[in-house]
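Both complexes below contain chain A, partnered by chain B and then by chain C.
Right after this comes the complex of A and B.
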C-alpha cells in the first residue's frame, strides 16, 4: 500500500490577541492518500480553514502553530525554512479560496496572474508560460481562452473567476490541492459545475484534493473520506459511505438532519442543531459539543472523549449506555 | 480618451469662469480699496488713480473689461506696484517657486512613500514606531517652526548650508525640506495605512499561496493597489507645493509668488489677488485631471463610461 501524500499529526494552532489565546485548532490528525479527495466538514469557526492555512503556513501574523507535524511527501512542512516552503506553495501544494471576487488581484490581468505563478516555479520563457496558461484555461473550460488572458478579474462572472483560480492552482501540477469552500460564494447552479470540474480534474490529473466545506451535500458526491470538525477537533472521520449511512457522532447526525432531503415528500421541518459553537478563547474541558448534544452525560462535560475508532464520543465507549440511533442501530 | 480630456478641459474653462466671477465680486464686496491706506491721499489724486485703473466705472463694466483681459491671458496691471503687470509678478516669482515646489514634490514621493512602506512592513516594531513618531511630528508641527529649527541647527550652528538665498544647491535643502515636511509626513502615514489595509486583502494571501517571493508580493500585488489613495492626495499636494508658501519664502528670503499672494491681500491689490487665485485654481484643476487620468492606468476597474468617452 502506498503511504499518504499528506499526514497531519496532532496539529495545534492558536491565535494570540489582547484577549488572550484563541485555540483554533486543538490536536487534529488526518491522512490524505495520493489521488484521493478528502472532505473536511464543519461550521464556521470549527477550525477547518485554519487547519489548512496551518499546513500551508499562511496564518495571519498573530497565528502560531504550537505543535504537531504535517508530513508531505515525507518532509515535515513545519520544519522547512521559509524559502523551501515558498518553493512548495503553488507548486506542490496549491490552494483555491472561497471568494473568487476578492482572491484575484483586481489590477492585474488574469493571464498575468496565472503566468507569474508558472514563471515562479518553472524554468520557462514568457511565451511558453503564456502557452501553458492558455492550455490551463482550456482545461478549466474558459471560453476563448487566448482572448480572455488579457481580461481583468472584474470582467468575469463569479464562476469564471473561480475557474481562473483553479487554472492558477493547477498551473504547476500540484500533488495536493486545497480547496477552501470553493463553491460557497457561487450561485447554486454554478456550484455544481465547479464541483464537478474539480472532481473531474482530480481524477484526470491524479492529484489529491482536500475539499473544505460546511455543506454536506457538496461532500457526499465527490469525496472518498470525510473528516468532521467541531471546536478545533476532529469529531468523526471515516469513508463517505459509512459516515452517511451510519453516522456515529451526535454532531454528525445533527449535521445530516439539517440537510434537506429532496426525495422526502413529507413536509417536516429541517432539524437545526440548537445552541452555538464554543468560544475557542475558553474551550470546554470535555467534549466541545456537549452543551448542544441531545445525549449529554456527566462524563461528556468532565473529560474529552478520545477517538473511538473514528468517532470522538463517549457513547462509543464499550461500557456506554445504549442510545437508539447513536451507538445502537435503530430497529429495522 | 481624447474626447474625455477635451470634455474635461471644457468643464475646467467653465469652472474657471465661475471662479473668476466669484472672486471678482467677492473682492469688490470687501470694504476698502487699493488706495485706502494709512497715508491719506488727496481726494483728487485718489479720484485720478481710480479713474486710471477703471475703478470709477460701473462694476459690470469693470467685470467685462477684466473678463476680456483674462480671455487674452492678461491678468491686468498691479494696483500696488506701478508699471508691473500681474502676469509679470507671476512670471518673476514662478521659476523660484516652481523649482522649490517640484523638488518638494519629489521629496514627498521619494521619502513619504518609502517611509510608509518601511513602517507598514515593520508594523508595531521599532522602524514603524520611529517613522510614525517622525511623521506625527511632521504633521503636527507648523512649517515655520520646522523651518526655524532647521535653520538654527543646520545653517547657524553646524554651518552646513547657507541661511538664505539659492546661490548654490545647498541653499535649496532647507526650504525644500521645510516646505515638504508636512506632506512627506502626511503621505508616509497615508501609505502606511493604505498598505496595511491592502495586506489584509484576500488576493495578497493568494499571491503568497502561489509561492511568490516577498518582493513580488509587495511590489507587484500590494503597492499598486495601495497607491490609489496616495495618488488622490498627490494632485492637490502638487498644486499646493508649486504655488509656494508665504511663510517659507519669508523665512528663507526667497523671491517666490507665495509672498505676493499674501501681500496682495493686505494691499487690496485686486488684480494681483484675482490673478494669483485664478492661476492657482487653473493649476489645481490640471493636477486633478492628471490624477484622474492616472487612476485609469492604476486601476483597470475604472473605465470611462460611454457617455463621457
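Right after this comes the complex of A and C.
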C-alpha cells in the first residue's frame, strides 16, 4: 500500500480584519492518494478554496495558517521557506482557477507565457521550451497548436483559455494538480470537454487532482473520493459511490435533496435547506449545521461532533436515537 | 379587474392589491381586454396557431407574448467612415410564443442570444426588425412614451443580486422605486406596499430601513424579486436568477418563484444554463443556438424525445449527481461559432454529427414534428437518422 501524496492534518486558517477573526478553516484533515481525483464540495464560505490556498500558501495578506500540517511527499509544506515553496509551486504542485482570464497576462501571447513558465522551472533552451509548449497544447487538444502560440488570451474562448491554463499547469509534470472550480464559468458542453480532459490527463499522467467545486454533478462525474465541507470543517468524507448512494450527514442529504432530479418532471416541490450558512466570525460552538438541520438534538448545539467513520454527526454516535434515513435505512 | 391599459391607468391613483383578479380565468378573455390578438396569418407556418396542439384550453388562448421573426443585430467596429462594419447577429429570426401563466424556459450556451432576446423583449434594446406582440400590441415600434404602460407589465429579475441593487438605497427605496416611477400611490401607501411585498418574499418588514449589502445573496435576490413584482406585472423575465446562489439557497428561491406564480398568475420567461433546474420549473422549454430557437417542446418531451442534435448534445453534457451513471458518449466537439460569422444553411452543422450537404445548403425551418414539438432540423423526426445517431 502506497502512502498518500498529500496528507493534510488539522488545518486551521483564519483571516484577521477590523471585524475580528474570521475562522475560515477550522481543523480540516484529509489524504490524497497518488493518481486519484479527490473532490472537495461545499458552498460559498465553506472553506473549500481557503483550504487549498492554505496548502499552496497563497493566502491574502490578512490570512494566517494557525496550525496544522500538510505533508507533501514527506515534507511539511508549512515548514518550507518562501523560496522552497515557490520552487515547489508550479513544479510539483500546480493550480488552475475558475477564471482563466484573470490568471493570464493580457499583454503577452499565450505562447510567451507558457514558454516562460517552462523556462522558469526547467533547464531548456528557448527552442526546446517552445517545442514543449507545442506538445502541451496538443496534449490539451488546442487545435493548430503551433499557430495558437502566437495568439493573445482575449483571442481565445473561455474553454480554450482553460485549456491554456491546464497546459501551463502541466508544463513541469506536477504530481498534484489543484483545480479550483475549473469549469464553473463554462457552458455545460465545454464543461464536459474540460472535465473529460482532466480525467484523461489524471489517468494518463498518473497525477493526483484535487477538484474543488460546488456542483455535485461534477463531483459525481469524475472524482474517486469526496470531502464535503461546511462551516470550515469536513462534514463527511468517503468513496464517491458510497457517499452518493448512502449519504450519512444531514447536510450532505440536504444538498442532494435540494437539486432537482433530472429524470423527474412532475413539478413536485424542491426541498431547500432552510436558513443560511453560519457567520465564520462567530462560528457556533457545536455542529455548524445544527441551526439548519432537521434532526438537531441538544447535544448538537452543545458540542462539536467528531468524525464517526467519515461523518461528523452526533446521530452517528452508537447511542444516538435512530432516525430513518440518517443512521438507519429507510423502511423499504 | 382586467388588464387593459385604460384600467391600469385608472387604477394608478391608489394602492394596487397584490393579487387582484389574478386567479380568475375569465378576466383574460379577448373581449374584456379589448386588445388585438395576432391574426392566425402571422403564424409563420400558417394554418392557425402552431402551438394549438396540446395547448391547455383556457378562456383566452392568445399568447401573452408573440415574437415574430425578431432580429437584434449589433454593428461593430469598421473603418473611420463606418464602412465594412461587422454585424453581430445576436438574435437572428426568433419566432416564439409565451402563453399566459406558463413558465417558458430558455436555454443555450453563452453567446446564443438568450439574454439579448430578453433585453430586446423589454425594450432595453431596440429590435432591428420583427414584431413583438405583447398582449396583442406590437411593442417593437412604440416610442418611449407610448411604451410606458407596457414597461410596468414586464419586469426583470437579474442574475447578480450584488450588482443589480443600488448600494446607496435602502430596501424600502429599492422596492418602492418602480412604484414611484409609475406614479402609483403616496409615499405612505408605497411604504405599506413595500412591507407587504417584503412579507410576500419571506423577508421581515423591519428590513426595510437596511441596505442591500447587509443581506446574503439569497436575501438580496428576494429583494430583487419584490422589486420585480411590485407593479403587479404580467410577465417576469428571470435572467439566470439563481446562478449566483448556493445550491441550498437555490431551492428556496425557486420554490418562492413557483408560489408567487400561483398566487399572482405570473408568466415567466426563465433564462438559465442550468438544465436540471429548467426542467423542474418550466412548462415548456426553448433551446437557442446562435440567435435562433432550434427546438421548443414541453419540458417532458424535450428531455424524453430531444429531436435536435444540439439539444441531445446539451442534455448529454449535464453532469448527473449520481456516480453510478457513467456516460459513454463523447463530449460535443468544437465551440459555438461567432455570431458575426454564422455558418450557412443550418447554423449548427459545423458541430453536428448528422450534418449532410443539405444542411450546408438550406437552413431548416422551425417546424412542428408532432404535438406542438418544434424542431429546426432537416432530420428531426427521421427515425433512420436518429437511430443511426444512437448506434
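Please note the rule applied: the second predicted complex is superposed on the first by the 330 of 332 C-alpha atoms of A that agree within 3 Å, B and C clash if a C-alpha of one lies under 4 Å from a C-alpha of the other, contacts with A are read in each partner's own complex, and residues count from 1 in each chain.
Basically, a contact is a pair of C-beta atoms (placed from the backbone, for glycine too) under 8 Å apart; a residue touches a chain by one contact, two chains touch by 3 or more.
Everything numeric in this text was worked out from a predicted model, so none of it was measured.
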Chain B versus chain C as contact partner of A:128, first or second or both or neither: neither
Which superposed partner A:272 touches (first chain B, second chain C, both, neither): second
Partner chain(s) touched by A:244 [first = chain B, second = chain C, both, neither]: second
Per-residue contact with chain A, leading partner among chain C and chain B: C
Partner chain(s) touched by A:117 [first = chain B, second = chain C, both, neither]: first
Touched partner set for A:296, first chain B, second chain C, both or neither: neither
Overlapping contact positions on chain A, where the chain C interface meets the chain B interface: none
Sites on chain A touched by chain C in the complex: 43-44, 157-160, 187-193, 195-196, 214-221, 240-241, 244-245, 254-256, 258-262, 265, 267, 269-274, 276-277, 292
In the complex, chain B residues that touch chain A: 123, 201-203, 205-213, 216, 220-221, 224-225, 298-301
Contact set on chain C toward chain A in their complex: 109-110, 216-219, 246-252, 254-255, 258, 273, 275-277, 279-280, 299-300, 303, 313-314, 316-325, 331-332, 335-336
Touching residues on chain A, where the partner in the complex is chain B: 56, 58, 61, 86-91, 94-95, 97, 99, 102-109, 116-117, 120-121, 152, 154, 165, 168
